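Consider the two complexes below, in which chain A is the common component and chain B and chain C are the respective partners.
Coming up: the complex of A and B.
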């Protein structure tokens, strides 16, 4: 087999792994949309906030240091300790769960029975609030996130496959991408199992389906909302860790949410497996397109390919690949 | 009206106990409209209690008050001898009051089995962490509750549609699944909002039989709203009649049938 074939395979594998990273973000959207019909605009900022919180805790940053220093004239910056990664992740998760409680208590509770568009507007407000709040709490400089995952190309794989064809130098796959893929697969599998076979999972689906009926069997909507936002916070944390480790914790991290939109349009807003498959199609599609067509039209096709693909899907299959079919009974 | 607190035995040998629920002087207003005014009645343990009346009489509103979807401006509700505080619907469900809806409120995307499993929600106590671990307590609890649900499925003769998403089922079967979900909760009081609305004669007969069997086999106390007078008179022990939000009759089917106010409400009054 020729080198070209192997290069194409490499592009496809890299595309799949990039796609899984998109899926991680899309998953957060799906969780909240499924349970409450709300498109959570703040999901990207939640990922950024989670990553900032993790770095802050890990490196022993003083929260609100700038604010405290300005008011009291002190020069606090660090506590001077370092928190072990695993503990820091658990603490950051705790912060995200606390955040879920606050969102329910101060926003959602007051917007019960409002139109989805009102709730959507509320999440836009929430996004901008969190963006500023995150900067205030942890500072706005670009931070380096290191959770101990291996980075860079996998040399072993590259060496092992380098003599498969003439002119082929072996598969170049990023370690971090491979880890991210494995983690995403485990995460999705457990979310699916959780939602299908446990009492709380059933309650989540029940609330997504019919609020009133859910109440009548004894399910508290407020508890479910807290659980859903906590889960979305958890997914945001995982996405934040992966993207943060890949490209640093900075404002642009929140923009990955925009990359999740075409994924959602492909996979459907209500399907967890859809988010994964949608992400993979987008990832592979944009990488292959760049590889095959890019050189002839000046490159940088990755910036727009996903959106064009999503647009085509909107025309021919508006509910997405796995979305619930839109049936109006007359 | 039997105002005594003692229990008695019906002609077909069922024991009707003391009142489980007492509704006292309930008034419910929506803005300037009075949906229910000053209504009192009781529901005795083990009986089938019907609430009837013409359209807009306030029957569904009454059920929604008992179930906690509406909060009355005046009046008290006593459940198991205790005055009930204002509560959310899910808290009332936890107290053992289950219900069905006039326009079927099932979880359409979920299977029959899953729908009925949600009825067990209030009986399942393991926390999120244990559920996430799954092995051990959560798994045991799941299979225990699954047995009860399978029993309900057998009872309602819906084995064949266990795995079917309920959105695809015909209307009559959906009604039955909804009854199943309420039954799975093993409620102390079962509220049925027009269980036979929109059904054909055959389906109505099936549903009547299920309601009677539920009451007979499990001794479940049932309060139901129904339009079909024939059915109501056949299956219920006592009947409350509402008209324009007021109570105009209360008693056994025979008493109600001969009540002049009830006859007037249903057939109209001659103006002479």
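Coming up: the complex of A and C.
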């Protein structure tokens, strides 16, 4: 077989893995939408905030150092210690759970029974607040995130396949992408089990279907919201780690939410497997299109082609590939 | 009664916030928030700290204190224009728009208002033609100089011959990123290299397709015109595919610590263009430490001093201060107007002796500005990153760009602008 064939396969595999990275972001949206019918505009910023918090804890950074120094004339920056990665991840997760409590206590509690658009607007406000709050807490400089995940092309795979065809340099797969795929598989499997086979998971789905009915059978809406926002915070932390390891932790991390939107449109807003499958279809679709067509039309097709692909699917399945079909009786 | 009190407080607040009329006012259209804050902060700090230094050490410029008016743009063109409109009436002497998009919007406005603009290493390249753009300055170098300096560097390391070599330009898919294309195409005809163009959409967080293509095609050299997150991601991807870093060269907006540190040790060898010195081994930093840092008057946290973008901000402020001094000399008054500032910028002459006396020996190229040439001689150098020491090192002197090619492009573009806007010669 020719080198072109293998390069096409390489593009497809890399597209699948990039798609999984998109899915990690999309999952957070799905969790909150599934449980509360709210499109959480702040999910991208949550990923940024979670990653900033992780780096801050890991490197022993003093939170709000700039503010403290300005007010008190001190020169605090670091505590002088470093926290082991695993402990730092657990502490960052703790912060995200605390964040979920605060969101429920000060925002969601006051918006029970409001239209979804009101809740959506509240998450827009939350996103902008968190952008500023994150900068104030941890500073806006680019932070290096190292949690020990290997990065770079897999040399063994490259060497093992480099003689498969003339002009073929071997398959390129990024070690970080492979880790992301493995983590995403475990994450999705856990979330599916949690959602379908645990009492709390079923309560989440009941709240999503009708929060008034759920309240009437004794499900605590407030507890459910805290749980679901905590889960979304956890997913945001995982996404923040994976994307932050690629580019450093910086403001643009919040913009990865833009890559999750076509995934959600395609996979459906309520399906956890849909987020993964949707991500992979978007990833492969955009990479193949860029590979095959991009050079003839000037390149940089990925951003818009992902949305075209999602729209094409929507024409035939408006609820997305895995979304629940909504039947409203009159 | 209450209303009267409120009105009095409001008037007092406005008065306190406005600069004293006798001050020399320098607006700073900075961006300390948003997607590009990490790059905007060190530049803004450097710009502000130099004016603080001049005030604290020298008692101002020619005895008149410098006043900085900082306005947050978030690197957003609309906000940048708002900042201009809200500060232009406060005696602003010169604008540094700090964004190519904002610069394009301000060119007609500032020209009409008679306020000079200094877009150093960015903005509209053909503004170097002072005969058309009387109020716009882009010394000491512009994008097209940058493209040519990159090619000259490749010529130098290839014994003067790059015919048959393949060069890929990976660029931010925006007006800024497309700036060098024309120059690189003209230079490709002249030197016989093959040019491939690879655009990356904003923000550039995902570049797998582009780097898989580079891995397949194995160009001899990659030139980058990136900004923001696009830079560290590109450098990381280059490390991932084991592209030889010494063959990867970025423009000066792709050459800060923020761009290389996230890629770790693998980024060693990456090169970037520059039109000013790197590091903090200059006497001026002793003064900044003494008069600004130790007195707690730094604009930011004081942790950016000596970084590439801090140096660039400080350099921009230093050139503004020197232009004020020139204007004061020309007009014989200390409290100059924007029109006098324009004259000072047009007569600016930066010699090595002057740079040394300012505590910045060999920090930037020697150059002079004239009515016809607002862009300077287009000199630039190349710096290389060493991850182990965490430092950029200059690996070349400030060398000239191919002005035969660039001047023709500047003349062509500025003539079209002049015809479109009915602008007559400014130098006759």
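Throughout what follows, the second predicted complex is superposed on the first by the 325 of 330 C-alpha atoms of A that agree within 3 Å, B and C clash if a C-alpha of one lies under 4 Å from a C-alpha of the other, contacts with A are read in each partner's own complex, and residues count from 1 in each chain.
To be clear about the criterion, contacts are C-beta pairs under 8 Å (C-beta built on N, C-alpha and C of every residue); 3 or more make two chains touch, one makes a residue touch a chain.
Since we're looking at a predicted model, the values are computed, not measured.
Visitor: Let's test your reading of the overlay: on chain A, do chain B and chain C clash or fit side by side?
Guide: Here the two partners, once superposed via chain A, fit next to each other without clashing.
Visitor: Touch test for A:31: chain B only (first), chain C only (second), both, or neither?
Guide: After superposition on chain A, A:31 lies in contact with neither partner.
Visitor: Quick check for you: in the superposed arrangement, does A:172 touch first (chain B), second (chain C), both or neither?
Guide: It touches chain C, and chain B stays clear.
Visitor: Given the touch rule stated above, what does A:303 touch, chain B (first), chain C (second), both, or neither?
Guide: In the superposition, A:303 touches chain C alone.
Visitor: Between chain B and chain C, which one contacts more residues of chain A in the superposed model?
Guide: Per-residue touch count on chain A favours C.
Visitor: Return first, second, both or neither, reflecting whether A:153 touches chain B, chain C, both chains, or no partner chain.
Guide: second
Visitor: Using the superposition on chain A described above, determine whether A:202 touches chain B (first), chain C (second), both, or neither.
Guide: first
Visitor: Which of the two partners, first being chain B and second being chain C, lies in contact with A:215: first, second, both, or neither?
Guide: Once the two structures are laid over each other on A, A:215 reaches chain B alone.
Visitor: Please indicate which partner A:191 is in contact with in the superposed arrangement: first for chain B, second for chain C, both, or neither.
Guide: In the superposed model, A:191 contacts neither chain B nor chain C.
Visitor: After the two structures are laid over each other on chain A, how near do the C-alpha atoms of chain B and chain C get, in Å?
Guide: Superposed on chain A, the two chains' closest C-alpha atoms are separated by 34 Å.
Visitor: Please report the chain A residues shared by its interface with chain B and its interface with chain C.
Guide: Chain A residues touching both partners: none found.
Visitor: What part of chain B is in contact with chain A in the complex they form?
Guide: That would be residues 67, 69, 88-90, 93-94, 98-99, 101, 105-110, 114, 117-122, 124, 126, 128, 131-132, 134, 138, 141-142, 181, 185 of chain B.
Visitor: In their complex, what parts of chain A are in touch with chain B?
Guide: 190, 193-194, 197-203, 205-206, 208-210, 212-221, 227, 324
Visitor: Given the complex with chain A, which residues does chain C contribute to the contact?
Guide: By the definition above, chain C touches chain A via 32-38, 41, 173, 197-201, 203-206, 208-210, 212-213, 215-216, 218, 228-229, 232-233, 236, 239-242, 258, 261-262, 264, 266, 296, 301, 303.
Visitor: In the complex, go through chain A and note every residue touching chain C.
Guide: Residues of chain A touching chain C: 7, 10-11, 14, 18, 21, 65-66, 69, 73, 77, 131-132, 135, 139-142, 144, 146, 151-153, 169, 172, 174, 243, 246-248, 250-253, 255-256, 259, 286-287, 290-291, 294, 298-300, 302-303.
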